[in-house]
Amino acid sequence: MAESGNYIDEIHSFDDRESNRFFIRIEFQPNTDNFNEVQFNEEFSVRAAEFEMQWELTEPEHRPRVAILVSKYDHCLNDLLYRHRTGQLNIEIPVIISNHPDLEHLAKWHDIPYYHLPISKETKPQQEAEIMKLLKEYDTELVVLARYMQVLSPDLCTHLDGWAINIHHSLLPGFKGARPYHQAWEKGVKMVGATAHYVNNDLDEGPIIAQGIQSVDHAYYPEDLISKGQDVERITLFNAVRYHIEKRVFLSGSRTVVFGN
Amino acid sequence: MAESGNYIDEIHSFDDRESNRFFIRIEFQPNTDNFNEVQFNEEFSVRAAEFEMQWELTEPEHRPRVAILVSKYDHCLNDLLYRHRTGQLNIEIPVIISNHPDLEHLAKWHDIPYYHLPISKETKPQQEAEIMKLLKEYDTELVVLARYMQVLSPDLCTHLDGWAINIHHSLLPGFKGARPYHQAWEKGVKMVGATAHYVNNDLDEGPIIAQGIQSVDHAYYPEDLISKGQDVERITLFNAVRYHIEKRVFLSGSRTVVFGN
Amino acid sequence: MAESGNYIDEIHSFDDRESNRFFIRIEFQPNTDNFNEVQFNEEFSVRAAEFEMQWELTEPEHRPRVAILVSKYDHCLNDLLYRHRTGQLNIEIPVIISNHPDLEHLAKWHDIPYYHLPISKETKPQQEAEIMKLLKEYDTELVVLARYMQVLSPDLCTHLDGWAINIHHSLLPGFKGARPYHQAWEKGVKMVGATAHYVNNDLDEGPIIAQGIQSVDHAYYPEDLISKGQDVERITLFNAVRYHIEKRVFLSGSRTVVFGN
Amino acid sequence: MAESGNYIDEIHSFDDRESNRFFIRIEFQPNTDNFNEVQFNEEFSVRAAEFEMQWELTEPEHRPRVAILVSKYDHCLNDLLYRHRTGQLNIEIPVIISNHPDLEHLAKWHDIPYYHLPISKETKPQQEAEIMKLLKEYDTELVVLARYMQVLSPDLCTHLDGWAINIHHSLLPGFKGARPYHQAWEKGVKMVGATAHYVNNDLDEGPIIAQGIQSVDHAYYPEDLISKGQDVERITLFNAVRYHIEKRVFLSGSRTVVFGN
C-alpha cells in the first residue's frame, strides 16, 4: 500500500499462535492522485488470494445503519442516542424496536421510527418474524440489543449471528441467564460488571467484545447493583459498538481480536 | 463507651435488611484513667446479651499467628513475607508448610521454620493430618493458602472453616476449579481477576473477602495471564489478610460484611 | 438516638487527628410512635452544645432545588437531566442558566425554564447579577456548574462559596486554568481525569469532593482527550452532586470528609 | 521484511500528526534459512536512509545491564529483584548503589555488589562522580532510580539523559518536588498516583513512560498515603522498565510513544 503512495496512519496486527492466523488492521489515506477503489480491490484480491486472506476495505465516512432493540430500561438507549446525536458515534439509527411502548418518547424526540411489538409465549414466532422483516426493510447493517429483555429463539439467534451486539449485565461467563445482579448479590461478590458480545446461537455465550467492571461492597442490595451497573453497561456497550463500526473487531473462533484505542 | 470517657476513633456500621442483623465495628482508645478490660467485658456482656449481640474486643497490638501454606508459586508468599518484614502486616509467621521443597530458601532467609510435606493420592490423609498437627503445635490463629495447589479434603476444609483464607486466581464464582486462566483464555474474556475467600466445606465457594481485577486483551495467552495475574493475586490476598487481622470482616451467612478503608 | 427507639440504619464516622474534629453521619428511621421533630431538635441542641457540635437533621424525602449553569458542552447537563428524570438523582431542577442559547432544546424537552444570559467583558457584572437574582427567585439550594465555561468574578465566587459544585476537566491541582486537556497532552501524561469541587473564592482551588480518572496513551490528541473525558466528567460530577444532596460531604478546612458508598 | 521470509509476529505503529513522524515497532522471527544480521543491517540502512528513519535491531534474548540506585525505601528494589529472580524481568543487575547502608542485606541475598556512597552537601560532586564511575565500570545500559531520594545535580541529570528511569510518587506534573504525598494530603485529593519517567535535565519533568493511580479518601493521613502508594509505585516502575527493555518506548520531543501490551 505504501508503495502506491498511500499514506499509512495506523497499523495494528496480531499473530495468533493458537489458530495460526494473522490479523491486521491498517488505516490509510489513499493517494488522491491515483487511488481508484475498483482497481485497488482487483489488485489487492490477487495478493490476498496468495495468502488465503479474508479482507475488507471500508471508508471511515460510511455511517452503518444500526437498529436498536429495547424493552423498558432506557439507560443504554439514551446513551446511544446521545452519542449519535452529538457525533461521538458515527452511525445512522433508522429504527428502534421494543416489546414495550415505554420508550417511544425518546425515539420521537430524536425523530426515529419506533415499533412496539408486544410479545407473549404464543406470539413469539410472529413477533420475531416481524423484527426480522423490519431489520430487512430498514436495510440494517448492525443490530444492538440495548437491554432487550427477551430470550431470543434459536432461529433469531442464528439469523443475527455475527451482526448483532448484546449487552449482558455481568462479567460473562459468570452469572449467565436471568437476574445476574441478584445472583451476584447472593454470592457476595465485591465486583460486578457488564459484557458486550456478539449474538450467536448459544445464548450469553457469543464472542466477547468488551467488558467493564465496578467495585461494590456488602451494602449494595440487588436494586443498588442494578442502579449502579447502568453506567458500566452503557459505556461497555458503547465501546463495543464503536469498536465494531470502526472495524476494530475480528472474529477468531469463539474469541475476538479487538484492536482498541 | 463514650460515656465512660473512652475516645472513639472510627465507627462503621451496616444494617442488613436481608438477615435482620446489625453489624458494627468501633475503634476506640480506652480512657487510661479508668479502663479495666475485665470489668469492661463483664459490663459489656450484660448489654450485649440484651441485644443478642455477638461481640469481641481486641487490641490492635495483638499480632495474630499466621501459618502460610504454599506450593511452587512464590509471588504471594514473597509478598506476605515482605509486608511482614517491613511492618505493613502486623502478624507473626511462625511456620510455612509446603508440598514442595522449592521455597525453603525464602523461609530460611526470614528465619521461619519450613516444613516440606510431600503429598500423593495415597498419602493425602496422613499429609493433611500432619498439617493439622503443625497448625496446632504452632498455635496458629489464621491459615493463609498462598497458592497452595492442592484440593483440600472435606475433612481439612471443615477443620479450617472460618479461620483460613485462600486466594483463587479468578473472579469467583467464574472459573472455579483447575486452571482458571486457561478457562478464561478459552472464553476470550477481556478482564481477569483474583478472589480471596474463606475456606469452607464447599471448595471455591467460601465467603468472598476481596477481589481484584485487570484488563487483558486477545494478545494474552494463558501463560501471559498467569504471569500478569500475579500482581492482582498478591495484592488481593494481602488486602483480605489485612482486613481479617484488623477485624474488618464479619460473616453474614455465605456473604461477608467488610468495613474496608 | 437508639435509646428513644429510633432505628439506626447506617453510621459513618471519622476522627480527624489534624483538625481535632469528629465527623459523624447517622441514617436512622424515627420511631413513629413517639418521634417529634421539634422536640428532637430541642433536646438534641442541648446535647450538641455540650460537645460544641455543628449538626443538621434532614429528611431523605426532601428534594433540594438545584440550578444548573452550562455553556455549550451538553454531556454533563444531559447526564444530570437523565438521572433526574429517571429518579437516580433525587432533586428538583427549577432552572437552567447559560451564556449561550445552544442547549435550550434540552431544557424545553424536560420542561425546565432556560435563561440565556449572554456575557461579554463589559456586561460581566450585570450578567452575574442576573444570575444571582435568578438563583434567588428560584429558591436555589445548590448550584451546579456543569461545564459553565466562564471564569466567575471574585464576587460571584464568594456568593456561591459552599453551595456550588464545579466540574473541572483535570485531576486538580494538576492542570488548573484553561484548556487542561491541551496542557495534559503537552506533558504527555498517561492518565487524565476530572475533579468535582466546591466553588470558593480561589478559582479551581475549592475543596475537592470527587475525582475520576481514565488511562490514555500517545495516540490521544487533545480533541480525543476532550471527547474521551466526557464520561469521566459526567460520572464524577454526578457522584459529587449525589454525595452532596445525600449529606455525605462535610467541610474540614480546605478538605472534605466524604462518607461515600 | 516479510518478503525475505521473516515471520512477523506483531506490528504497532503511530503516525504523529503533530511532529510529522511515523513510529513503528515490529517483532519478527528471522527466517533461519537465510537471515544474516550483518547483511540485514546493511540492506536496511539503505532503505532507512531513504525515509530519514532512525532505527535499531535488537534480539529479545539480550539481557540489558541495569544498575539500581536506592536510598532507604526498599519496596521498589525488592520488587525489581523479585521479578529479576523469577524471570519476569529479562535483565541483569550488575550493581546496586545507595547513599545509605540499609538495603545491603537485600543485595547480598541476591549476590549483587552493593556500594554505599554516603552523600552530604559538600561531598555531592565526588559522590556523583563515583556513581558515574561505577555505572561505567559495570557497563550499565540502563539506570533505575528506585526511590533514590536525592536531587541529582544538573551534571548527573545530563549524563543520565535518556538512559535512566525515575519513579516519582505523584501523578506528574502534579505535586513535583519533595514530599508529594504530604502535598496531596494538604489538597485533599481523592486519588494519588505514581509516575515513571526518563531523567532529563529538568528535574521531575522528563518524558513520562507510565503512570499508576489509586483511590483514597479523607481517612488517609500522609503516612497512610506513603504506605498505600508503595504498590502503585512498584508496579508503575516495573511497567516502565519492562517497556523500556522490550523497546516499546520511543521518545517524541518531551513526550513518549509507548507501544504497551
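The first chain written gets the first letter, and so on, giving A, B, C and D; residue counts start at 1 in each chain.
Just so we're on the same page, contacts are C-beta pairs under 8 Å (C-beta built on N, C-alpha and C of every residue); 3 or more make two chains touch, one makes a residue touch a chain.
Note that the structure is predicted; figures quoted are calculated from it, not measured.
Visitor: Going by the contact rule set out at the top, which chains touch both chain A and chain D?
Guide: B, C
Visitor: Let me have the rounded angstrom distance from the C-alpha centre of chain C over to the C-alpha centre of chain D, please.
Guide: For chain C versus chain D, the centre distance works out to 40 Å.
Visitor: Roughly how far is chain A from chain C, going centre to centre by Cα mean, in whole Å?
Guide: Spacing between the chain centres: roughly 34 Å.
Visitor: So which stretches of chain B touch two or more other chains?
Guide: 10, 14, 219
Visitor: Examine which chains touch each other and state the graph shape they make (line, ring, star, complete, other).
Guide: Graph shape, chains as nodes and touching pairs as edges: complete.
Visitor: Mind listing the chain D positions that touch chain A in their complex?
Guide: Listed in rising order, the residues of chain D that touch chain A are 7-15, 22, 24.
Visitor: Applying the document's contact rule, which stretches of chain C touch chain D when the two form their complex?
Guide: 14, 16-18, 171-175, 186-191, 193, 207-211, 213, 217-219, 221, 252, 254-258, 260
Visitor: Looking at the complex, which residues from chain D come into contact with chain B?
Guide: Residues in contact with chain B: 10, 74-75, 78, 82, 86, 88, 109, 219, 227, 230-231, 235, 261.
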